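Take a look at the structures listed below.
Two complexes come next, and they have one chain in common, chain A, joined by chain B in the first and chain C in the second.
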Partner chain A sequence: MSELLVDIQDLSVGYTTKYGKLVHVLRNVDLQIGRGETLGLVGESGCGKSTLGQAMMGFLRSGSKILGGRVTYQGHDMFAMPAKELESIRGRSIALIPQNAGQSLTPTLRVGKQIVEALELNAQIKGAEADARAVELLGQVRLPSPEEMATRYPHELSGGQQQRVAVAMALAGNPDMLVLDEPTTGLDVTTQAHILELLRDIVKEMGTAMMYISHDLGVIARVSDRVSVMYAGEKVEDATASQIFKSPSHPYTRGLLESIPRLTLSGIPKSMPGQPPLPATLPGCHFEPRCEFATDICGTTPPKLEAISSAADNNGIMSSHFARCHHWDKLAKADFSEELKDAYQDVRKKDTAKPAITITDVAISYYRPGFLDNLMNTPHPPDTVSNINLTVNRGETVALVGESGSGKSTIVRAVSGLLPAKDGAISFENFDLTTDVDDRPMELRKRIQMIFQNPDASLNPRHSVTEILDQPLKLYFPNMSAAERDKRKEELLDRVRLGHRYLTRYPGQMSGGEKQRVAIARAFAADPEVVLCDEVTSALDVSVQAAVLDLLADLQKEHGTTYIFITHDLAVVRAFADRVAVLYQGRLCEVGTVDEIYAPPFHPYAETLLGAALEPDPDMEPKLLAGDTPESSPPETGCPFQRRCPVRVGEICDTTMPDWVSPKGAIDHNIRCHIPVEELLAMQTEPIAAD
Partner chain B sequence: MAAITPEIENVQEEASTQRKTPFMEMVDNLRRSTSGKIGLFIIVFHILLALTSPFIVELMPQDPFTREAGRNAAPSLQHWFGGDEQGRDVFTRTLLGGRTLLLVTIFGTTLAMGWGSFVGIMLGFLGGRADEIIMRLVDAFLAIPWLLFLLLIVGIVGTEPWIQMLTLGFFYGIPAVRVSRAATHDYVTREFVLAARARGEKKITVMFRELLPNVLDVLLVEGAMRWSWMLLAFISLSFLGFGVPPGGERTDWGLMISQSRRIMALQPWATFGPIIFLSSLIIGINLFADALAKALGLDRSQGAPV
Partner chain C sequence: MIRLIGRRIFFALLTLLLVSLIVFISVEALPGDMATAYLGRDATPESLAVLREEFGLNAPAYQRYFSWLGGIVQGDFGDSLVRDKPVSEIIGNRLRNTMVLAITASLVGIPLAIFLGVFTALTRDRWPDIVVSTISIFGMTLPEFVTGTILVYVFAIRLKWFQGVATMPSDAPIDAEFFNIIALPVATLTLVMVAHILRLVRTSMIDVMISDYVQMARLKGVPARQIVFRHALPNAMLPTINIVALTIAWLLGGVIIIEQVFNFPGIGNLMINGISDRDLALVQAIAIILAAFYVGINLLADLMSLVLNPRLRTARGH
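Moving on to the complex of A and B:
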């Protein structure tokens, strides 16, 4: 019954560096995918996931070569096939859906035309028939009004819609197999949830097999039948999704699962130390240096991939659980869900009521009327951010949550003085923070620091760590001697747990986590009281993310630092924040302590966000409440969520901004919705029928 | 408490190549490029020759300024490149002919790149009204045929090397404004610039510490290319009689070509020397600029927008 579609046997891939050294990328990988099966491929960055995905399509990055093994697709050896034949398989029988659909669509062609091209090439249909089929495909990927969509250019679509077009194009040849390389990374949670459901449905309807590559365990849990875990170019564990997530038997899989923040467990997860080595460089197990279960044998003898159990799945197909570990028997016995609870340690503890930053009625706008606009009195568009009231207490962490475009960063930029507020007041002690950063006294600049999302971009690639740390020291402590600065730099590196030898490194010579530590050290060089964190963990691997959160929590404990923390990841908020403010289109929807936000009553938008967030648990069903139609500007009047709200009351939502309401017994919980809180509570505590 | 030990190294990474500064990386890449080495050799040869040629000529039996070779004489053992129309020895004159040229263009290029990139980075960083106005001025200047302008200024003010240096330096800085402004735009929105601004660094510090090191690559390559164009410009001036003036105690390749032009069809050797020397210098600069661009990871074919 389960006929093999893809059979990868003992595949090794490598390339030669410019210094003439052979570097392995994949090492002895075996992988089988049956018809209609979805295989999830997980691992940290640099573990060979993408290379494996590409090799499956018979493609290698230039310079790479096959060192051994075979890739067989429907009985054909992909690397022994003439180019012509390979071409006829690619696109038609195997299709790729890339990470960034926006970049893979041609900007100068209407999307309908691009799908027609794919159809002409891969399905041999032409003319009106192809046009009709293109519209049909756009409908199949659930784009609203497909006829109209077909006439649009890629830039007229949102990221989620572009990704849907990419899916439609991939489906053009009616493929047997889809290779998806992080297709939802970078999309909003709600959009991601919608696209994943779409993929699941398509696979079920058309019997397509999928290879889904992602670093996000929540996504993998949602789509996969079977999961392969990659580490340092090797497959270390392979089992059904429920086995992987419920009884992981390789220490690496366990480490990954223990290092992700969860919606259901509060506290910061355990982090995995270190980073993956290059493949084929250690004599024993490649995970040994990072493994807490390692014994002598692990350092000397490479473990084999062993079948540790076999079970039949729902369709009666036998599948085995493979793990590449000397000690799998010890791990397999332990109850993982119990152990998981110990991995999370709570950091919330602060009860300072002394306000640090007070934001009152703030409005911010990017709109700058031109000369003509003034002359003709053009009406101003609604402010990007408006009516924000928020108090951030000393020593606490306030998280700003919302999808992209919700104004989180805009608010933080106003506080930092990069984009001064247009209206309202922001104050920090006696200082007025509505001023531009250039007009602020040095004393004030020193006390408020900022950490950015992407350490690749926030560290100057041309500066060594010494120079990077020298800058704030020279700026804020002009009287410091060079020797004192050197001492201080070493102290800072100690604090972010980096060795002193990092001082001479350049950003290009460090990993993402190390770079983010340097960025944190730079912010703490000023001895700040308030630190603004803009998505500081979202560009990092899961294992590193936990370590960075932990570091921030420790620094907060030592210095009583106040954090304003921006993120789109609700699980991170749950792990790290004391209070949460949920934003939509630059307006506040709900404010409260973490526990209050994560329990009903919810603002309909907060409920939508929480429903769409994915947990690494294959049994969890996301709740898709509101659609993922994007909105680019806030409405003129009324509730900001009016156009997407699944529980709209009526006219009043469009005309009147709801008042703040506080549920009974709440410490600090406020919701802004026309539906009375009691009703919200009743609606949201009812179990929602699965459709 | 989660123990965090980021100290585990990627054991196998070549430790020596890992700690390289970007500059060392560039030198390393340059050394692997054969054409770059050839280019650099030619450039160094020309500069050394320009520095030492008066002494070399002193030691030689021929004198570049006396008419002893015979008018339009063919090459001989005595006069390797023959004689020019006034009977002077072409070989020694060729050896001396690059001195003014190199002096003017090296300083001229430095000046052009200096002011051009300063203004370009400033405009790219600050933007706004001043940027708009100055860029339109730059466009206007770019639209004027530069040779006419050069002739006009040199013709009025004089043919002193320092005047030519300033004039060429000014005119060749204008395209450099465009290039450095465009390169700056790539970096201005990066978060490290934002981080510096949020920290409250002075604008001049942001320009020099954050932006300049990043656009320097583009500027270096651009400078090397400008240099070869400036050489051509100066040679053209000389050819037209406005570079190194005829009849003086200096010689110049452009001038020599111009003087031997009339009899070129009959006795071409008088132009061979200057032509070979000039083209080898320009080819050398081009080879080096290409290798430099590659070593820095820039692709000149995609080029900087001018």
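Moving on to the complex of A and C:
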């Protein structure tokens, strides 16, 4: 390793609760980062990775305290330093790029001014020189028209632009070290890919070291030289990126890698049972309760972090592979990539071809002309969603994919009756679904249910699980007796794999995954035929996501349920969907079976999306085809993708909406592009995802 | 932006128009009219008829409303029959006195409240916060006439620093003597006002100080003082502006009671006298003036929020 920049030794952090109980957040963590090196810090929520990142900057959340160990930065102890000196290191030598740039920029100050502030503090330049440098930095992070950007307020920027501003601000002091706390979480895949490439370029150019914190293994694989895996406040594995991803030697790392859906493998990944314990609460290994390799010793003796091998990295520098496991030797030998394939269980179904929901020529608009607009005959903006034709067959899963603002949720809201369709027809058997949900007969409401993204928002925090499940039962089955209802509630909990003891719990007493299971149980209480799933796994940790997908697949198998599944995660679609509809700006671009969508020919937008998606494989490079300029409204005429398309034909793209074309030999594959499918196929020789 | 301001002003004027209508109608709805109120027990049908003819009371209500409204717009509130003078003349100096009282209380109270709010937020749960917050709870819970009485007992009767009762004519010049007289009324109003605003600023400031952007500023190496004044305070003030406006508007109501306690020659005192001797023209005029203040201050608060909050100010972007 080159010159040591950060040296964290035996660090333990904790806080005391109201009742005087000491709770650990970090326990005996050792961590070193060399000059110019990128360390990826990965783990699920609650593992202490953010706390570790903050501690590196000499910062602890209020209430937390150091229980032992030290954090030194270039030889300075970050927690034994006068405040003045600490202020001068922060921003100047070590800078933070936060998770949510939108909330981390002061809302009442122009972004240019906030960068100038950082420059004045950390680069000792002032006035016009600082203004000019701020604009230069905004250009360096590839923001269009940087002079104009500098005069904007944070709320006037898109999420990706805000994140770029945060990067520019961090670079102001020309730091040696960047701490990045989930900086791309919540951004669209294309935006994420662009920001990651930007960061990689900057780091290479300026020789900056990075500590990159993320729960997303694809992102970690793309940026990291070395990876540390955190579990329950401890570091459980530490090795080069390729060692971690190719020969993981801690059961937790393996479990994580096996539980992520992949673009290259169809089927649902294996899920890890249980959930992490609080740090420092078990006598032995903290992963033991969830570990398939555990033996007697694991429950009694805490394993040490041991060096299990040494290898040279690309620059010929030696680094060791560490794992905290009694049985690493059994794991290190197994060929992981072969085993990995067995972890994925195919859930795709045979084509039933009996339509459940038919969407014909649907257009939806949020525009409501006011009194004055009607009077003055103001022209209407283009419809948010337009010309949607889609058939969802019984018992299948149709995924709607696209970036934020692509109209996925709008379509589902129309199907659910929460939003009126402006034009077209939506039908379910003999029922007309363009009616408002309040006007639908009870029977129809019962048969179509919805599950929302965030169970915290969709479950009433003041209702116990019993009350939550009672409501649909009382509503849809008015003749059911109280005893029958109790039996049914227990059945439902069994089916979502929660014990009966959960009946008395409140949402606040459950983890995210448990809450989402309750939300699923509530939807299935109605015995629905169609379930609308709006980003149901996005708020969950990867290991929990796998379990929830598995549960939904099982329920589908049992009941023949039809799913309309919204997600922005292309790997989840690959794992779970039978058919896929790709949307851009409220218009369909490509529709097909999941295998057809993930192999050429692609619509240029689908290719852009797939190219930007990241796999947990350090050797895979994303392909950045189109820019990530946000668009706030669809174009008036022509192809919706015209303004960003990397392979535009010409004026015809702006004026004429392309016709649907089906590639030769397709089962159910349609693309809407002016480029003939044969040419698309010739351009896209490399399959992005191969089985 | 200009459209937004225009909208707010339009609605403020509309509110005032509605208030004037309500005031007029409620006086109309009272049994009797100005003539019966003026003549009282001496009224004979003949004298009433003469008086009504003289003051144009026989005209239809809407005509009288518009001529009354037209007068107000030009600063003419009509004549007080009871006091036999133009209303504007009676109100003149009294209004000035009340304004001085209210403005002084605001000028002392609001900055003090914001300062103490920030101070308690920054020393949260430590002894300076606990002391100030506890005192502020007393300020909030005690009615202003009790606070006023306590202050009079301590500072006027015991310590003899200030005058306990205003013994001045309504047209007294505004000089050192005047401020000595209003010291205790101002202190009473300030105490109550500070308590309300302080607690609000404190909560708002605590929320802002744990926000991501303040944490970010800290990790950027921004010195503590700059964090408070540049990053935190403008954001903490946003939710409090409208409450500050409501507190000032409340001040006008509080003034009526305080003026009574201290026998201060302001419009609050005048209004109570007007009500007791059925001087309808005077009561109408004061009601309209108080409403205009209320609406005006709220308008000012809306405009202040526009200035401080870029989200409201700018329409471009996403």
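Remarks
The criterion applied here is as follows: the second predicted complex is superposed on the first by the 684 of 691 C-alpha atoms of A that agree within 3 Å, B and C clash if a C-alpha of one lies under 4 Å from a C-alpha of the other, contacts with A are read in each partner's own complex, and residues count from 1 in each chain.
By our rule, contacts are C-beta pairs under 8 Å (C-beta built on N, C-alpha and C of every residue); 3 or more make two chains touch, one makes a residue touch a chain.
Fair warning: this is a prediction, and the values are worked out from it, not measured in the lab.
In the superposition on chain A, A:A414 contacts neither chain B nor chain C.
Within the superposed three-chain model, A:N460 lies in touch with chain B and out of touch with chain C [touch as defined at top].
Once chain A of one complex is fitted onto chain A of the other, the partner contacts of A:A323 are absent, as it touches neither chain B nor chain C.
Legend: residue contacts after superposition of the two complexes on their common chain; A:L121 is shown touching chain C, with no touch to chain B.
Legend: residue contacts after superposition of the two complexes on their common chain; A:A521 is shown touching neither chain B nor chain C. With both structures placed on the common chain, the touch criterion links A:L475 to chain B but leaves chain C unconnected.
In the superposition on chain A, contact of A:V13 is made with neither chain B nor chain C.
Of the two partners chain B and chain C, more residues of chain A are touched by B.
Overlaid on A, the two complexes show chain B and chain C touching no common residue of chain A. For chain A in complex with chain C, the touching residues are 57, 59, 62, 87-92, 95-96, 98, 100, 103-110, 117-118, 121-122, 152-153, 155-158, 169, 173, 630, 632.
Residue ranges of chain B in contact with chain A, taken from their complex: 1-8, 10-14, 17-19, 21-22, 32, 190-192, 194-201, 209-210, 213-214, 216.
Across the interface of their complex, chain B is touched by residues 18-19, 21, 268, 270-271, 273-275, 277-278, 281-282, 289-290, 345, 416-418, 437-438, 440, 442, 445, 449-450, 452-454, 457-464, 471-472, 475, 497-499, 504-506, 508-509, 513-514, 517, 522, 526, 546-547, 550-551 of chain A. Listing the residues of chain C that touch chain A in their complex gives 210-223, 226, 230-231, 234-235, 238, 308-311, 314, 316-318.
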